[in-house]
Amino acid sequence: MNSRDIMAIASARLLQDHQRVLVGVGTPNIAANIAKRLHAPNLVMIYESGVIDAMPKKLPLSIGDGTLVDEALAVLPMGELFSHYLQTGWIDIGFLGAAQIDSRGNLNSTVIGPYTHPKVRLAGSGGAADIACHLPHTRDRFAPRLDFITSPGHPRHGAHPDGRGPWRVVTDLGVFGFDECGEMVCLALMPGHTYEEILDHSGWQIPRAAALEQVPEPSSREVQTLHALYSTLPGGGK
Amino acid sequence: MTIYLAGFSHLIPFAAGHELIRQRRQHLTLCRATPDLVYDQMIAAGVANRVVFSYAGNPGVGLLPAFRRAVETGQIAIDEYTHFEMVARLEAGAAGLPFWPLRSPATDLASYHAHHTVVCPYTGEEISTVPALVPDVTVVHVQAADEQGNLYVEGLVGEMREAALAARIVLATAEKIYPAGSFRSARSSLLLPGFRVSAVAAVPFGAHPSYAAGLYERDSAFYQAWTAIARDAEYCQRWLEEWIYGTENHQEYLAKLGQQKLDMLQMGEPHE
Amino acid sequence: MTIYLAGFSHLIPFAAGHELIRQRRQHLTLCRATPDLVYDQMIAAGVANRVVFSYAGNPGVGLLPAFRRAVETGQIAIDEYTHFEMVARLEAGAAGLPFWPLRSPATDLASYHAHHTVVCPYTGEEISTVPALVPDVTVVHVQAADEQGNLYVEGLVGEMREAALAARIVLATAEKIYPAGSFRSARSSLLLPGFRVSAVAAVPFGAHPSYAAGLYERDSAFYQAWTAIARDAEYCQRWLEEWIYGTENHQEYLAKLGQQKLDMLQMGEPHE
Amino acid sequence: MNSRDIMAIASARLLQDHQRVLVGVGTPNIAANIAKRLHAPNLVMIYESGVIDAMPKKLPLSIGDGTLVDEALAVLPMGELFSHYLQTGWIDIGFLGAAQIDSRGNLNSTVIGPYTHPKVRLAGSGGAADIACHLPHTRDRFAPRLDFITSPGHPRHGAHPDGRGPWRVVTDLGVFGFDECGEMVCLALMPGHTYEEILDHSGWQIPRAAALEQVPEPSSREVQTLHALYSTLPGGGK
């Protein structure tokens, strides 16, 4: 079980049954599919490709796979999904990957280096839609200042009202939330990792919650579910 | 000239894109929410000098090497939006309006393209807008067309309909062309009526290596292989030579792929 | 309170309208592109003090006598649009925006309701707008719902989806409620996902005298008879007494119609 | 064969094969259905209820009838029809009834008398969409000044460019067009009627075309087609 798998399982636990979640590509997709097969069978998985309430038999490789469509409640034109469901607030939680994050939860998935002369040109926004996020924990990625704001985090003064804005960040080292000022706080440590490691791998001093928790080890059911999902991939996963 | 090859992951008009490469077209502005491999190949072939897009990734795999290289070296200009902004630009085009209103988050993208607001005349609220996108030509690939040019799809439609309705000219490739009236019934999934389509060509496997729901699967192995091909500029040119310039047309491209590969894609994955 | 009973000629939620009459609701603002007989009956029953609409006719027959009388005597206020403006108001509501842009012809209607333009920030063009319409409650009638509240329709949808998506609360009546998962497949015609619907009731023949495609025909004889009933205010009240106030609920209304009538509507017209 | 039937046949002749026509309720609906069964089998009949390319087996009583849907090419939400087809100019010709018309082709289908204190409150605009129109010819209806403009005609100075604006008006007395100034002109007389009768029944002096034509009598094929259509109505038509 590698660190991506543990991240996927830890974030799956953050999703609640009956929530409507906009599922991004990569680890979020794995996590949502684990949650749906374990504690959240009524999780409504929504994909920016236009799929509402997907019930994929296989683990989709991308968010446009046919398996997402087969047993879905509906397939909408992308424009309808964005305007009638996302814009109107009918999606509870967005679940994204990103290349960089700062202390306010601003995300960068556009570019490393200057936009007009990029060092690394990334994929860009797509439907990046803003609540939880997901990334390997390194100093480059936990940056005091982003090269580009793709998805806005909490406003400069205070957190977003009404639970809007980024809610949780899951990395290979820990799980993070945001305080009432909109600043990132370390809530829990991943199995086998320490708070000091987090400080070493972050570009700024992330404070710790008064009661810093420990993310429980993946249970055997979680591990089995994940492996069952991987086994549906071409070649049986990696 | 502004071109939009439509389709989100599904039904991507690869055969049409390859033909543009074969014809050694140049100076095109390529529009697509998700450039995908098709535009990576066209960029590598020097077809484009501008790309209008919202997500330039290899879906489920990673980045687009030729696109990256072209942007990082300044070989092509880009005009970048979020997905919602991109489809809103098409909605405006499809409705014949010069702009579209939407609630758009304040991202750094706004510094790099015109991004104006209007004031709602009823509430005074400031609302974001995007300008209409009106492609000169939109190409769609569909599972079925009839002799009257009516186009039918099933599965993901993404932004296909809006991209077609927004365009001055709509061209279609279809897996198969059926007799007129084959699909007459209000329950069938019409993408576009024939009077809105300028020309249709029968192009089986016209979306390979993407997929056509109900007909053939995505060629995931090729999507994964593309990273290694395109990362190396020379290897990429050799690939274009061999697979695109080196084939006279899409039939030859398919023949080169081989019947066994096509059969496998039609059967779907064995472990399902 | 603003109510929208949705549906263009087809699937009109008559049972729901009749129940609002039975409950002797008052002071409602009734919105519908085509008020049809359902609002004529509700207006005659004194349920409404305002009607928001775009075409107040008895489709294929003539005018709406109770509506006419109420407007000509000033008993109700009206807020009148073209069809396109009306659905554009719903589109704005459905998208969560305060206004919608459209190209609207210069008619005399514009003198009677707020009708502002915005200037396109990209082209300088002046574009008409309408304000969003956000009903407190939209009621739809559908052929099928499942236990999770997912709603399915076939045939004409008119403005049903937008009217529902624009509303704060969506109520549905359904010809039949099926087990969860009965219609899972991307090809079925979902009107609305269950999470967008507050409550569903099984109401067979809930659209009578309008129709439900595939299930029963329109009661054309009643549409034609309505003119004579409603033209005479007293006759109209007697009709309401007998058919609406005088029936406890929709089952009693159907029993009063009689099985023979229902069978005939289900069979369709004999000469087809 | 009453005057409405002759009007329906005369206007059916104005529709050309392969045209896309937005069909209004009433006589326009009868006329379009005659044309489709005679000289215009590829006429694309579009109804504001959302139906594209209807192929009704029966004569629809209203524009929302099930028979319009059964063999149609597509049924769209009304909003899509208006915004993607009508607003963008993909419909060649609109075909409407009206209560009143003036010399510029302005139509009134909203109200007789003042809007706020109506003498007769009519149905209102609906999708009234503006090219040909259809009405019994009386002084009240051919009015020098309308009580209400529901559908705008030619602008005050000159005709609409590019063939836009009202094109033909068919009444029980004649067929009318518009000159280059946008003023109504009598083009042809209905069988058995005279130009003098038209002047008698109009609220202004309608000029006559230099070559005033005679509308040919309904042919036996036209009459048969009309009767066949009526026979599909409940009770076999009136």
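Chains: A, B, C and D, in written order; residue numbering restarts at 1 for each.
Definition applied: a residue touches a chain if its C-beta (ideal position, glycine included) is under 8 Å from a C-beta of that chain, and two chains touch if they have at least 3 such contacts.
For reference, the UniProt names are A, D = 3-oxoadipate--succinyl-CoA transferase subunit B.
As the structure is a prediction and not an experimental result, all values here were calculated from the model.
Look at the CA centroids: the one farthest from the centroid of subunit D belongs to A. For the pair subunit A and subunit B, the distance between mean C-alpha positions equals 27 Å. Centroids of subunit A and subunit D (each the mean of its C-alpha atoms) stand 58 Å apart.
Centres computed as Cα averages put subunit B at a distance of 39 Å from subunit C. Residues of subunit D in contact with at least two other chains: 69, 75, 83, 87. Across the assembly, subunit B contributes 95-97, 102-103, 155, 186 as residues in contact with two or more other chains. The touch graph of the protein chains shown belongs to none of the named shapes. The full set of touching chain pairs reads A-B, A-C, B-C, B-D, C-D. On subunit B, the positions that touch subunit D within their shared complex are 94-97, 150, 165, 184-186, 190, 193, 195-196.
On the side of subunit A, the complex with subunit C involves touching residues 20, 44, 52-53, 55, 69-75, 83-84, 87-90. Those residues of subunit B whose C-beta lies close enough to touch subunit C in the complex are 95-103, 114, 116-123, 125, 127, 129, 131-132, 154-155, 186-187, 189. Touching subunit A in their complex are the following residues of subunit B: 8-10, 33-34, 53-57, 59-61, 63-64, 67-68, 71-72, 74, 80-84, 87-88, 90-91, 102-103, 105-109, 111-112, 155-162, 211, 213, 217-218, 220-221, 269, 271-272. Contact residues on subunit A toward subunit B in their complex (touch as defined above): 25-26, 48-51, 57-58, 60-66, 69, 75, 77-79, 82-83, 86-87, 110, 115, 117-128, 130, 148-152, 231-232, 234, 236.
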